[in-house]
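Before anything else, here is the set of structures, which you'll find just below.
Presented sequentially are two complexes of chain A, the first with chain B as partner and the second with chain C.
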Partner chain A sequence: MNAFLQQEAVIDATLPWLEDAQKLGEQPAADWVKALRHTGAEAFAHTGFPHPKQEGWQYTQLRQLTDGDFHYALEAPAFDVNALPQPLLENSARIVLVNGKYRPELSDAPEGVIVMSLMDASVQVEGIEEHLVTVGDLGKAPFKALNAAYTHDGVVVTVKAGAEVTQPFEVLFYNVGDTDKAPALYPRCLYWLGKNSSLTVIERHTGTGAYFTNIYAGIALEPSARLKCYKLEEESATACHFSYTTLQQQKDSSFEGFSYATGGKLSRQEYRNLLIDSGISSKLTGAYLLKDQQCHDFTVLTDHFEPDGKSVQHFKGVVDDQARSVFQGKIHVRRAAQKTDGNQLNHALLLSEKAEASFKPELEIYADDVKCAHGAASGQIDDEALFYLQSRGIPQAEARSLLIESFLNTVLAEVSFSPVREVYEERIRAWLRH
Partner chain B sequence: MPIAPETLLDKKYEAGFVTEIESDRAPKGLSEDIVRLISAKKDEPEWLLAQRLKAYKHWLDMPEPRWAKVSFPPIDYQDAYYYAAPKTATKPKSLDEVDPKLLETYKKLGIPLREQEMLAGVAVDAVFDSVSVATTFREKLADAGVIFCSISEAVRKYPELVQKYLGSVVPYTDNKHACLNAAVFTDGTFVYIPEGVRCPMELSTYFRINEAKTGQFERTLIVAEKGSYVSYLEGCTAPMRDENQLHAAVVELIAMEDAEIKYSTVQNWYPGDENGKGGIYNFVTKRGICKGARSKISWTQVETGSAITWKYPSCILQGDDSVGEFYSVALTNNYQQADTGTKMIHIGKNTKSRIISKGISAGHSNNTYRGLVRISGRAENARNFTQCDSLLIGHECGAHTVPYIENKNMSAMLEHEASTSKIGEDQLFYCRQRGIGEEGAVALIVNGFCREVLQQMPMEFAVEAQKLVAISLEGAVG
Partner chain C sequence: MTMLKIENLHAEVGGREVLKGINLTVKAGEVHAVMGPNGSGKSTLSYVLAGRPGYEVTKGKVTFLGQDLLALAPEGRAAAGMFLAFQYPVEIPGVSTTMFLKTALNAVRKARGEKEFSPVDFLKLQKEKMAQLGMDAEMLKRGVNVGFSGGEKKRNEALQMAMLAPKLAILDETDSGLDIDALKVVAEGVNALRSKDRAFLVITHYQRLLKHIKPDIVHVLADGKIRKTGGPELALELEDKGYAEYTGDAALRAGDKSI
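Moving on, here comes the complex of A and B:
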């Protein structure tokens, strides 16, 4: 047993969650991987899962997760390969991770993209730990700490300097759950784009049955690199999805992200977008569609370090039945980050009497020559607009769908890659039919 | 050629003077005995002493609120005096009997009581340190049936009213500062407007911290019965000091059916010097409840003083169709820290709230808007509109916005918008090429920035507030 587990400050309830990490001890791993696991486990053992009174966690109740019994397994379970969903776009290349484990035999990377399992990369790729080891805030990020304790699964995607990858690249996280012994998954991933390179990623999260997936992703963009990252979070209805993404952008790089969230019973996507140099463009937008008793949380920090940065956080969502949505955004503009242009917007549409929406759109600004604005709004479908459409012979249900679609359209417009935008539009229409 | 901000920002605190008046003071420190002493000095009934002691015991174990974006060394509660009363043998019957030095103090502040009595038609219950020394316009108010007196007087004369409402909106368990106030409050104001009465004049109290190291623990309680209306003005200035002075006031407002309470504040306490030394700690708990249907509570504040401001005037909108409003200008300079905002709790149907907050930061200061809008499940058709704008002057300061928005009712409509900007070079250029000096231009632009809030002030205060804003920021061009 590790030394920290005997310490007094350890929270007993955390121990079952760390138990399986000992299986990893027998596996060969680089020294830094071992150290990371230890630090992560130690941090988590001392903090446990966040308390509802903790800042940033008031609105997302974790009981559904903490009451569950989830276990980590070294091997992914057997599953039917034919059950894998088809790639979203015909011309894309795709890699597959099953229960967090990279499956080269099912994968195929586009030209110019190097894909390796995390463990292979940890010994073969020079300088990789710099991007995978960010332990500074582990004490404040329990999910990230828990993921670190299980550093083993996952994938590293690198693009060489100057490579312009035109073929869309799909990364499929396929999760196989189980009702008896629900798996806990802890993949750790890295997208590393060299100087002046470009890539378009479609990241899909889907699966069957009950499971808990807790992902840590690093995105490193070197000077002038350009990444488009389109996410579809369509986990199974009984799954819990937590992801923590650290985006680090260097000079003149650009990031365009969109996250579409409809899956899972309990999910949270947390982003820390660090704009560490000047002239950076960072755009993260998204849409959430929630029903039944789903709870979804977007927590986004955009941190401007240097001048002339431009950032956008636009999120819109519809909340039906007894579902709950949470958006916590923050734009942090440091002293040196003059001429920053930050924009934050969140709108939620409530479709049912029991639906709930909570927001915390924050600004923290230390530079005077900046333009920062945020807006948040919550309401229901406009009765007058509905009446107008109905009076022109459109049935009520259809009119409602039409209005919801048009409501979401303004964020979809931020997706510059049209084949993916069309996929999102189809997905939204399909959701509205149910 | 723009003027260097440093030369313009070092404007001295204009109300910084100390009046030497002997005072009757309890020993330093806080203990059960002090609480008993305060109660005894005020000839209080048993129930109030019991309440004070209950609060004091609760206070001992209560943690200090830590969530605000302010930093200061730990407060030594034992290093302050909790009771000080100006030495006046008997209560003055008219202004002539009031200590001339006191009157002089008011004159320096620009609020001579006499003049106000004659010209402005404002009744003033002036609080000098902790005991009210002069009250005017009693009779006119008495004719209307309005009770406007110090809280100690109210305890003696209207015990059943005080007992019923005191602590009903802000219980002593609310937070550490409110709890301390519940234990050691020395004086304050009680206002009671009977059913159907429109208070014939604006009520006003000028607070003034004078005695060195005397914490101020004012308690204000305003009850507006069915269909009544009252506008209450509160203004504060304090002399220059080196030690930090703790001020933990509590204000409770209760509006019954169809009643309206308008509460306006100009706060200009000593903010500390250019290096952040000294200044008042202003930890205030202000809360109003719209109990009855169609009632309305409106908070307006202009905050320019204090080293630290921690203040969230709130509205509990319980009655159907009730309305809550919050208009605020918070201005910080040098090393001031302000964490202020509001809470709008929508409980009743068709409740409406409006929040307009303007934050201006200069020097090394930090200015935070922190607000909560909560729509409960049964608050059908609730509406909220929030706008918080920040203006940064200079590049050493910070402006922050931390809104919490919770909606549990689909028919509710919430809108929140915020922006951060600086005084535009083009705006300045425009003013200057029309012959307006740099200082005048900045005052004009900042006053324009705050206009929506200043407009809400009653006349008497609007002028003072505009002057304050202009003085505090004169020409501070970043």
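Moving on, here comes the complex of A and C:
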């Protein structure tokens, strides 16, 4: 087949995925939003979904998604408000997005936090464009491009310079699926923290039935801003979850992220953590617990531009049944980024013979005075430890659970906000009873 | 009352026969020492009794307090009142020692049909037993045996034993890795548990532990069989003469005849 025909074939396959974007054309929008949709659609039309031979996509098979029939809708379907899960913490304020659409009537932001729908923010917030029309080549990030083609839903969260928000802030993405006509969701979100401000976010993704959610999130931290962002990816068992986060950190800012992933049949969380100035701390850690035929992929790039940065990528996972986990982590240290301290660690515990864990750890270092370490390993439950616990009267199933919890405890210890750590611990215990 | 009865016990590890017909009866209130050279099957005996996977019984019978011990899972054996103090206690990072003790104690109590401890009662008991063993409360927060010295590990074994209050305690080379002070403390812990309702099987290569834990009966184990049984004086004899008498070919043949 010649190159032209090949391109035609790609376009034939991608067009159905872009058709619904025409519905957005009739909506009023800022010029940059229209331009972004256009660029995204064009890029996606040419690339289509990633090919399994494409760099970064060797381990995650997309057939479960690409064989599906998903459609974007301007309106979220009707649902029972009482079905929304309770907030995770009693004292938090919460905002709700239903199928990616911000619902102010169900939402309440903490003092010091301004929340707007993406479309409102696109015309009202000055300078927002630079954080939402992001760096990077859409041609190499098909999911990001597809999301861009549907720029409409989502939310913008801003914290003014100097504001220290003490109340925990929950952002709930509640997704209502449908077996016959499964929705495709394309929210685009931004957390923008002004100079020397601070915020603690709990970001939850959950829902019912079949759906495909493809999120793009920007996180912009101005100098000395501090963000703690705790994610729970607990999508419904038949959902596909894709998220692409660009974290941009300025001088002396700090980021502490933790992602807890147990949901969805096919998921990928991709992060580009850009440490564009000096003195930055950037920690992204997480835990995944997979069973049945779930597949989950964490792909993380940490990019050090300037000196004295400290970064951590530390993930641990438990993989049961025929589930598969993927971790691709890269720390990139540019020539100017002297005194970088980078650390990457990934461990998976395989609970069944058919479970699989794939790792791709990478360091790419151009500076000469740095401290970087990486490690990846998979293993099984330690038989000796299991026997030791049983010999003390602890039944085998309980002993196994205890060992799995202990395995995950070392990464949970990275969560400095203890109420959320306790939530994670409870959820892990509940998962282990499955 | 007969507590443990081992009859013609044969066991394999990795396809190799290690126990070749053990016969041993332990009554309540007694302390038995099993002594023997390296490779004689001492540790195998303790693991077989505790139910470690990979230690396969090919022949024979073990009765513990009237029950078929070999039919029980390791946790069932613990619930029935058996305790093995490990030669090499296992490190478990991420599980605190106190959490471990509480889980074990309550699991055993539940299996025995007893009420679980209230947190206050548990802490009281833990504190009391730790004080008896001269242990620092700080180690309760650490992962089980993680970063513990040899002495601390063995004290931790003694602590678990004191808290679980077993009917039969098997001490597998408890003296290995211990200096003399730690040895005394651990031995005192064991002696404090001696009672007419409880029995001990002390497995050791050297006689020095038996200076501190006085046995009633001493057995010599060599090449997978009990070669000789006697009183405490047998341990002293071994101290003088070593195991040469039991390890030569001639000795083994003679031993075969005597059984």
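Heads up, the rule we're going with is that the second predicted complex is superposed on the first by the 422 of 434 C-alpha atoms of A that agree within 3 Å, B and C clash if a C-alpha of one lies under 4 Å from a C-alpha of the other, contacts with A are read in each partner's own complex, and residues count from 1 in each chain.
Note that in this section contacts are C-beta pairs under 8 Å (C-beta built on N, C-alpha and C of every residue); 3 or more make two chains touch, one makes a residue touch a chain.
Everything numeric in this text was worked out from a predicted model, so none of it was measured.
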{"item": "Partners on chain A (chain B, chain C) - clash or fit", "value": "fit"}
{"item": "Which of chain B and chain C A:384 touches, first, second, both or neither", "value": "second"}
{"item": "Partner chain in contact with A:53 - chain B first, chain C second, else both or neither", "value": "neither"}
{"item": "Touching partner for A:376 - first (chain B), second (chain C), both, neither", "value": "first"}
{"item": "Touched partner set for A:434, first chain B, second chain C, both or neither", "value": "neither"}
{"item": "First (chain B), second (chain C), both or neither touched by A:405", "value": "second"}
{"item": "Chain touching more of chain A, residue-wise (chain B, chain C)", "value": "B"}
{"item": "Chain B versus chain C as contact partner of A:396, first or second or both or neither", "value": "second"}
{"item": "Chain B versus chain C as contact partner of A:357, first or second or both or neither", "value": "first"}
{"item": "From chain A, separation angle of chain B and chain C (C-alpha centres, steps of 10 degrees)", "value": "70"}
{"item": "Superposition-derived minimum Cα distance between chain C and chain B (Å)", "value": "15"}
{"item": "Chain C partner contacts - residues on chain A that touch it in the complex", "value": "382-385, 387-396, 398-399, 402-403, 405-410"}
{"item": "In the complex, chain A residues that touch chain B", "value": "55, 59, 335, 338, 348, 350-380"}
{"item": "Interfacial residue positions of chain B with respect to chain A in the complex", "value": "67, 377, 390, 392-422, 478"}
{"item": "Touching residues (chain side chain C, partner chain A) in the complex", "value": "50-53, 73-75, 77-79, 83-84, 86, 89-95, 100, 103-105, 107-108, 111, 143, 160, 164"}
